[in-house]
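In what follows, subunit A forms one complex with subunit B and a second complex with subunit C.
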Partner chain A sequence: MHRLYLVPTLLINVVIIFIPAMLTIALAFCRWDGIGVPTYVGLANFRALATDRVFWMALGNNVIWTAIFLTIPIAMGLLAATMMLVARRGSAFFQVVYFLPVVIATAITARVWQGMIYSPLTGVAGLITRAGFPVPNPLTLPSTALYGIAAVDLWHWWGFLCVIFFAALRQVPQEQIEAARIEGASFWQMLRYVLIPGIRPTITLMMIMTIIWSFLVFDFVYILTQGGPAFSSEVLSTLAYRSAFYDLAVGKAAAVAVVISLFGLATTAVYIRLQAKELDQ
Partner chain B sequence: MDRRTFLVGGLGASLVPLMNRFAFAAGQPVSWWYESAAPAQQAAIADVLVGGFNAAHPEYSLAVDYRGSELDKQMRVALLSGNGPDVVYTAGPSYVAPMARAGQLLALDDYAKKYGWNERILPVFLEMGRYDGKLYAVPKTYETLGLFYNKAVLAKNGWKVPATLAELEALADEALKAKLVPFASGNAGWRGNNEHYVTIVFNSIAGPDNVYKALKGELPWTAEPFVTAIDRLNSWWQKGYFGPDYFSLETEQFFAQMAAGRSPMLPSGTWHFQYIQSYFKDNADDCGFVGFPSADGLGDPVYALGVGSTLSIAAASQNPDGAAAAIDYVFSPEFYSKMNSVWQGEWNTPLEDLSMVKISSEVPALYAESMKALADAVGDNKYGYTSWTFLPPATNTQLINGIEEVWLGRATVADYLGQIDAAFREELADGKVPAVPNR
Partner chain C sequence: MRLVESRTTFVLTYAALGILLLITLFPIALLVLNSLKPATQIVQNPLAWPEIYRWDNFTRAWNDARFGTTMLNSALLAALTIVLVCSTGSLTAYVLARRKIKSWKIVTFYLLATTTAPIQLFLFPLYFGFAKLGLINNVFAVSLIYTAIYSPFAVMLLRTYFLAVPKELEEAALIDGATPWQVFSKVMLPIVSPGILTVALIIGLYSWNEFLIATTFLQRTDRLTAVVSFFLLSGQYTSDWGEIMAAALIIVLPVIVLFVALQRRFIEGMAGGSVKG
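Let's look at the complex of A and B:
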């Protein structure tokens, strides 16, 4: 009888996740313009992706994006959270300040950075340039466009990690921290031997989620550059979006979506394995 | 609140969405989804389109719903599920054929006969809305590309309006020396702006006859005329004609750049007429517009023909007669006069006879003159082809995005045109190339 309680959530999952997921997988093997009737084409969409240089550029950009978000915001979040733990005064204020960008809608954050920071006409970059120190708009150069977008997302994202890590750090037994202090541990020793091991499950979960989210990144890229200039900031999700809604190649878009999901699945499998290992210990 | 009140209130609230269907007193509802429009433009639609139509047709009640830049995607999903509005607004002729093939649109031939559209609309546009011998769409507006220029900047520097490509390049070089950006341009707000420049060189340098042959599949896009055209466009980019901030500027920003005198010229489409009064303010006469100069041997400027959006009726429409009446209203000289008096460039319906049209004296005469020049070019069969009207979707995406690779040195002209040709061949084989009227 108690299993009936699962029905509502199961139903929601089947309707909202399982059926669309299955349809997407099926469409990846079809040619479809999003309007007429799909026709089965086997692996043609995947073969086309394998020879599509834009697909490989997008995949490479997703890997770079993942590397950036696995290091910089996690390091920044950890450092700021630890400092808030050590120097408790004002920690509530800093938590609010760090978390504030997370609650601003991504579209607004992106437009603010585009217009008020990066723009050569209306932004800080333009102001500095007019003062005699030329600062290019990073979004307009193929070599920096992806990093320019990543900087906006980092500003928006790292506060979230900071607050999560701070909440986890507060669960580290106080006696361990006190003991380390009495033993004369420095800040870095405390971080390395007490705090990080104490919140390792949280860090692992955040890293896993970072990998999954990095392969899903879309909003900032689409608003700031639409994948340009010259495909330099194209990622898999913008490629899928463009294929589905501009090229009317829904089958190809579905194939890209399947590739994105494969990375998410692989990461989830690693996480489940790690969790199982921890439980065994 | 007791339980009964709650239930009655809840039931009443749940019926609100159905009220529209049973609004007998206000006439049979006709729904129309529109893209984004600024507040002043929405006021024009409410007054001229909705107000005008409902007053002329009390038996119907037209309602316009703004869906923003995602209209096209929402429309496709809605039609796929058998829903959506009565009046179907598509992003251009290339979307009409797949929708008609999927049975989502109603054939308009009977309405065309009833309302006399075949006599009132320029025949070329009716050809573009046909699929499998039947009429499925009529264009909401047609447009062309040309060269806007700032008369005050030209006069101040003693420059002449360019009539040839050599004069255009000489003027641009002089502008560079004067620390001006020769072409006010940008694509930060709409990456598709790239295609305006490719379309210009395809028509004004490669020539409309070659574009026509390529659209018919008789000439590859890698042919020499197209190579010459893209080479020339690339040379303009490399010389800095488009300025250092091309990827940073949005449409209104670069129009303001020309109005402020920081650029002498702006090569783009007639929809920019809507910005003249906002940015030139009391000096609206300082804004000039001419056809883009053509390469030697092509003669007069080529007006590339563009249809940015089309109107159809949904096959699942509950009120196709009302939708047809609304479309017919848009093709009246009265509507053309009123709408183009307050909003230029977006409602240039392809009327065969413009003699009954009376546009407000507050609108720069330049607008009416330019539209007449385009109508004459279409009437004389001397028009060119815009990419967004005549190319199939994936080819057009390649044309838009690939040109950035050429400009930024990440692809050669041959690679770029080769990719366009490959995408076009595939879509031609799939029957995705829009109807191209005979030349």
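Let's look at the complex of A and C:
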């Protein structure tokens, strides 16, 4: 009878996620405008992507994004979490403040940065420019747009990692820390030889999740630049979204979605294997 | 206990933590500060203290973003999603935690796999399918999508709460003649209710803040969520940043108040669900 308990969750999941996902895979081999009857075109969508400059730019941007988020926020989170462990007093307060950006809606975070920081008219960048130190709006330059967006997501995101690492660090056996302390370990030695090895599973998992999430990034890019200027900040998810809903090239959008998923799939395989180990315990 | 002896390390640590604190609070301070200012003063200096307090920024934001309607939509959407996720999720989490069925492993892996599926992998057929069925602009239909997306997270988190309940409790209830359903609803659910509350808070936060699905599936002006109507207000209808920041504050303030009041639940839930689940 306990089988029935699973029915609501699985039914909703299959109808909303599984069946449409299968349809997307099928649509990747079709041409479809979202209204008429899809026509089978074989690998044409993928061939078109292979020669599409925007597609490769988007893919490249996702790779850059992954590289940024695998390093900067993880290093920041790790460092801040360790410092919170050193400081002890006040760590609860720091933790809450660092986590604040995580609970603010992405649309709002994006607009605050856009209008109050980057804008040459109403933002801090404009104020600094008027004071005689020209600061261009990073979102309007092809060479910096992606990094301008990444900075916003970084601000929004790093606190989450910090809090997770802090929680993990507090599980590191007290004796190991004590032993290193008696040996006279410095801050960096403590971090390098005791703390990081102590929370390695958490770091690994966060890195895997970072790779998966980096290929899904959508909100900040869509709101801040819509992938522009001149596709310089386009990522795969915004490319797919625009193809489907603005150009009504649903087949192409589906093909892009399949590519995103393939990147996710490889990482997911690793992720699930890690989870399997935990479940077996 | 202190981690390192050196006093310099100690001072440097607080200095660095303080700098990170300022970086975190700076944009939030800008949001609050400028929500009170007239547009003309923001153009002069976004950092300055308000010369006059423009409280009418809030009333204009409330009217222009139609928060009377859109906040209600957001609240309804969040409430529906919470009820759906908690009810269906707790059933599933219980079965998976207690390994009540042989295929518990496959189901767990399937749910884990869907948490990593990109939304774009199912968004397009879902949208055109819903359009055909007349489910666009339907808040209940959107809450079903949220339920599908968020319930794996909820199941994994609730699973850990069910795992913490001693098996003997269940066995005792069964010996006393309780049916399996009574064991679940009368014995287990009350014990894991703190977990359900945590899940409810986080799912509520996620659906309140969600953008991509909401902007795609709820397009009619009287069906928009608060976040989407804020997005449209700031993008098209006004360039008065005082008003835009006031609108932002109206959406963010209840979230921040709730978060600060119940921080431990939020943090443990969000961290726990993604670390363990």
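Everything that follows uses one rule, which is that the second predicted complex is superposed on the first by the 260 of 281 C-alpha atoms of A that agree within 3 Å, B and C clash if a C-alpha of one lies under 4 Å from a C-alpha of the other, contacts with A are read in each partner's own complex, and residues count from 1 in each chain.
Convention: contacts are C-beta pairs under 8 Å (C-beta built on N, C-alpha and C of every residue); 3 or more make two chains touch, one makes a residue touch a chain.
Keep in mind it's a predicted model, so treat the numbers as computed, not measured.
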When subunit B and subunit C are modelled together on subunit A, clash or fit: clash
Partner chain(s) touched by A:34 [first = subunit B, second = subunit C, both, neither]: both
Which of subunit B and subunit C A:71 touches, first, second, both or neither: neither
Which of subunit B and subunit C A:13 touches, first, second, both or neither: second
Subunit B versus subunit C as contact partner of A:171, first or second or both or neither: neither
Winner by number of subunit A residues touched, once subunit B and subunit C are compared: C
Partner chain(s) touched by A:228 [first = subunit B, second = subunit C, both, neither]: first
First (subunit B), second (subunit C), both or neither touched by A:88: second
Offending stretch of subunit B which, after superposing on A, collides with subunit C (from 73-81, 145-153, 307-315 or 397-405): 73-81
Touching both subunit C and subunit B, counted on subunit A across the two superposed complexes: 34-35, 121, 245
In the complex, subunit B residues that touch subunit A: 72-73, 76, 79-80, 98-99, 101-102, 104, 187-188, 191, 244-249, 253, 393-394, 397, 401, 404-405, 407-408, 410-411, 432
Contacting residues of subunit A [partner subunit C, same complex]: 1-3, 5-6, 8-10, 12-13, 15-21, 23-24, 27, 34-35, 76, 79-80, 83-88, 90, 94-109, 111-113, 115-117, 121-124, 126-127, 155, 159-160, 163-164, 167-168, 174, 177-178, 181, 184-187, 190, 202, 205, 209, 212, 215-216, 218-219, 222-223, 236-237, 240-241, 244-245, 250, 253-254, 256-258, 260-261, 264, 267-268, 271-272, 275-276, 278-279
Interface residues, subunit C side, partner subunit A - complex: 1-6, 9-10, 13-14, 16-17, 20-21, 23-25, 27-28, 30-31, 34, 42-43, 45-47, 84, 87-89, 91-92, 94-95, 100-101, 105, 107-114, 116-129, 144-145, 147-149, 151-152, 155, 180, 184, 205, 208-209, 211-212, 216, 227-228, 230-231, 234, 241, 244-245, 248, 251-252, 255-256, 259-260, 263, 266-268, 270-271, 274-276
In the complex, subunit A residues that touch subunit B: 33-37, 114, 118-121, 137, 139-140, 142, 226-231, 242, 245-249
